[in-house]
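Have a look at the structure below, then the notes.
Naming follows writing order (A, B, C, D, E and F), and every chain is counted from residue 1.
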Amino acid sequence: MSEPGRLTHLTESGAARMVDVSAKDVGVRTARASGRVLLSPAAVAILRSGEVPKGDALGVARLAGIMGAKRTPDLIPLCHPIALHGVEVDLAVADAGVEITARVRTADRTGVEMEALTAVTVAALAMIDMIKAVDPAATIADVRVEEKTGGKTGVWTRP
Amino acid sequence: MSEPGRLTHLTESGAARMVDVSAKDVGVRTARASGRVLLSPAAVAILRSGEVPKGDALGVARLAGIMGAKRTPDLIPLCHPIALHGVEVDLAVADAGVEITARVRTADRTGVEMEALTAVTVAALAMIDMIKAVDPAATIADVRVEEKTGGKTGVWTRP
Amino acid sequence: MSEPGRLTHLTESGAARMVDVSAKDVGVRTARASGRVLLSPAAVAILRSGEVPKGDALGVARLAGIMGAKRTPDLIPLCHPIALHGVEVDLAVADAGVEITARVRTADRTGVEMEALTAVTVAALAMIDMIKAVDPAATIADVRVEEKTGGKTGVWTRP
Amino acid sequence: MSEPGRLTHLTESGAARMVDVSAKDVGVRTARASGRVLLSPAAVAILRSGEVPKGDALGVARLAGIMGAKRTPDLIPLCHPIALHGVEVDLAVADAGVEITARVRTADRTGVEMEALTAVTVAALAMIDMIKAVDPAATIADVRVEEKTGGKTGVWTRP
Amino acid sequence: MSEPGRLTHLTESGAARMVDVSAKDVGVRTARASGRVLLSPAAVAILRSGEVPKGDALGVARLAGIMGAKRTPDLIPLCHPIALHGVEVDLAVADAGVEITARVRTADRTGVEMEALTAVTVAALAMIDMIKAVDPAATIADVRVEEKTGGKTGVWTRP
Amino acid sequence: MSEPGRLTHLTESGAARMVDVSAKDVGVRTARASGRVLLSPAAVAILRSGEVPKGDALGVARLAGIMGAKRTPDLIPLCHPIALHGVEVDLAVADAGVEITARVRTADRTGVEMEALTAVTVAALAMIDMIKAVDPAATIADVRVEEKTGGKTGVWTRP
């Protein structure tokens, strides 16, 4: 937060811009984000049941998250197009729904927390799409950065 | 929920598929979804301050949400490519952060709740991208369908 | 121009929106747009010369224009995703540069003038990309709608 | 212009190709392009009027231009996919219409003049989309590179 | 084949165009395409082995095929953007490799054989990407339309 | 093939991932792939005939292949987004159909064989789209990597 009270993506007159990062160092940067899809007990029961091939349901959401991370600069207007060197998305069925974690890694000039958040949210959206006929009230919650490393600011861990 | 206990996007053997909707009626369908970006008091103060051109910050997120709705079939693996006939995204600064609502309308063969949810989440991601230098702990919460109309199931309102 | 003095893509409070067209009739709508790439005499001479395979240079620009028309809703934030039922892009070498015309046709709920303008501009950009090593001062000029038909407003011809 | 009379994007037999730049140096390169949307006095008056939220109209076009720059390799068939490290798009209302300037910066292997031109033209298209109900004769004019720096050829300024 | 000896996607003078289909009837049209990825016995053994989670390997390719079908108009320059109402992609491990079948269904104005072929080829490419470290010589073979129905020409079955 | 019997794109538990390549060296890597579109004698005769502008038919397929190479990370779920520094696609009419070769070159952290294969298959799909009204039985065959260079494994040539 080099300039408190200023949004770095806006010029002094308030116009949106893609901030110049050409002078930043190329270096390894990572981010880990998490989030949840809150589901009804009936929906959780289906995902846990042996009758339904749970693997493919979670597998679709996982792949959507990985592919979503690659679409980040298409979706977020002021995000830089960036090399992505590794993406992992984990989904686990819990009592309250599905827990999602994304880990993103790059060797480039900007952080990858937006890519990690995008991976989590797109995986969550795909999960809802799979389950919405059973649980139309499914809710995305608690999507946030857990940790980021690299760059001038070094390691940041969620307080 | 025509087939309790079955995920409609999976075949009987569990393989993912894009469900055939060619026999569904073309008709007006709408969906309204909402969500929030939880922010620190300092971030809220900046968005509310007269010194910062708040309009453009929220304007970027609004536009990201509208454009995001159009990318839904690119992001959600089993979503149908669909005509979108109207999209509105509202953002309002509240004490706890930014409240987001999306309204989507179509005259096509499938519902548009995934488009509304995608509009909300992409607007939320763009909002976080704008504010993350000030508040790296910003969190997306409570993203969910509020109401949908049209199609065989008619009106559904969040219980 | 149903509401003089109002930009239809903005709500009363000035927020951007994708205007609802779900109540509009499906009908055949067409648009023709034109534009030019102004080039140096040397660049025109190369395009006209028998030594250079002119066909492929113009062919690349033509195809870029056709494909560009399909990307219109990705590029123009408030444009509706729309069915495109026919696109033709013509390029002709003239003394001052390359003349471009695009004709677009649809049977859908909104006009296709933005698709025609996008086809012309993307063809022009591709033409510049081909010729820029020879003529770095190449300029796009006079990109405009020549005629549109269909919809409630019927035929409009450039005055 | 290393090979006068040859289009570098075509092979000797005239086939289109993406030119190999893998041996070029990575270095900071910039480009500035400009263009105009010519509008009727009535349209200019609306943009200048206090009654209409001018900010958001220009804001939509600005954002479209920034996002358009990122789509350059999708639109221009022989353009390299390239890292973009900074993009600014300025719009100003003048008597004859809207003046647009784009500045693009990268640290990569090819110049970014096509990205700057694409930012200007997509911003211009979005501007027309916003105003076309009021001024269906709006015209894009004078889109051209003003200056580029970096690479083997160094600084080029429009003569 | 209404005009023997003429390529319908080219004008009389040989220029590419997107053929006008606005006058065609909206109706149900289907296509089925198939193809194969030829693999080494070692690669087939891995896919069949219980040690490797075969499901997810084939699941990635299946999903890539479904999503690839949606990208058809982005990839094939003269293809119409079209509504897709149902897509299924099946993969089966055989002695010689992986057999792929895609079924696509729409209620629109053009046939969907290109969408079915694209689904098969993208699934095949994704399959190769998964297995290429084990079998760098993997080969795509026999990609072709098996059957199409609907439209003026009715049912066509591969001779 | 560093880990025989393991698919590198799957974790030990079988979940898909984008493999981390941030520690790999940046270096020049190339790939050459080939493939064929098998056509009826009548279709070959049309492509060879002087009456039909063969150039543009093959030109469309060539451009589709080049642009397709750029879409590789959008299509192949676990492919890294990668800089492409050179792409050439050659098409030649032979007795049995059209022969396609793609050469791709990069200076980045991963190989480009998937990009070369994608260029060949997309060119083949576009070729079929051009000729399908004349030869609905056109078939894609023998798509495979011929040679790759660069990276830790060095030169690989098809056995």
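Keep in mind that, in the parts below, contacts are C-beta pairs under 8 Å (C-beta built on N, C-alpha and C of every residue); 3 or more make two chains touch, one makes a residue touch a chain.
The structure presented is a predicted model; accordingly, all values stated were derived computationally and were not measured.
Any chain that touches chain D and also touches chain E is listed here: A, B, C, F.
With steps allowed only between chains in touch, the distance from chain B over to chain F comes to 2. Chain centres computed from CA atoms place B at the largest separation from chain F.
In summary, the pair chain A and chain E forms a contact in which both copies contribute largely the same residue numbers, shared numbers making up over half of all those used.
Ranked by separation of Cα centres from chain A, the top chain is C.
Taking CA atoms, the transformation carrying chain B onto chain E includes a rotation by 120°, reported to the nearest 5.
Rounded to a whole number, the gap between the C-alpha centres of chain C and chain D is 15 angstrom.
We define each chain's centre as the mean of its Cα atoms; on that basis chain C and chain F are separated by 31 Å.
For chain B, the set of residues that touch two or more other chains comprises 15-16, 53, 55-56, 59-60, 63, 67, 71, 74, 77-78, 81, 83.
Of all possible chain pairings, those that touch are A-B, A-D, A-E, A-F, B-C, B-D, B-E, C-D, C-E, C-F, D-F, E-F. Put simply, chain F touches chain C in their complex at residues 53, 55-56, 59-60, 63, 67.
The part of chain A that touches chain B in the complex is made up of residues 1-10, 13-16, 35, 46, 49, 51-53, 55-57, 59-60, 63-64, 67-68, 71, 74-79, 113-114, 117-118, 121-122, 124-126, 128-134, 136-145, 148, 156, 158-159. Chain C makes touch with chain E in their complex at residues 28, 59, 62-63, 66-67, 69-71, 81, 83-90, 105-107.
Those residues of chain D that touch chain F in the complex are listed here as 11, 15-22, 73-74, 77-78, 80-83, 108-109.
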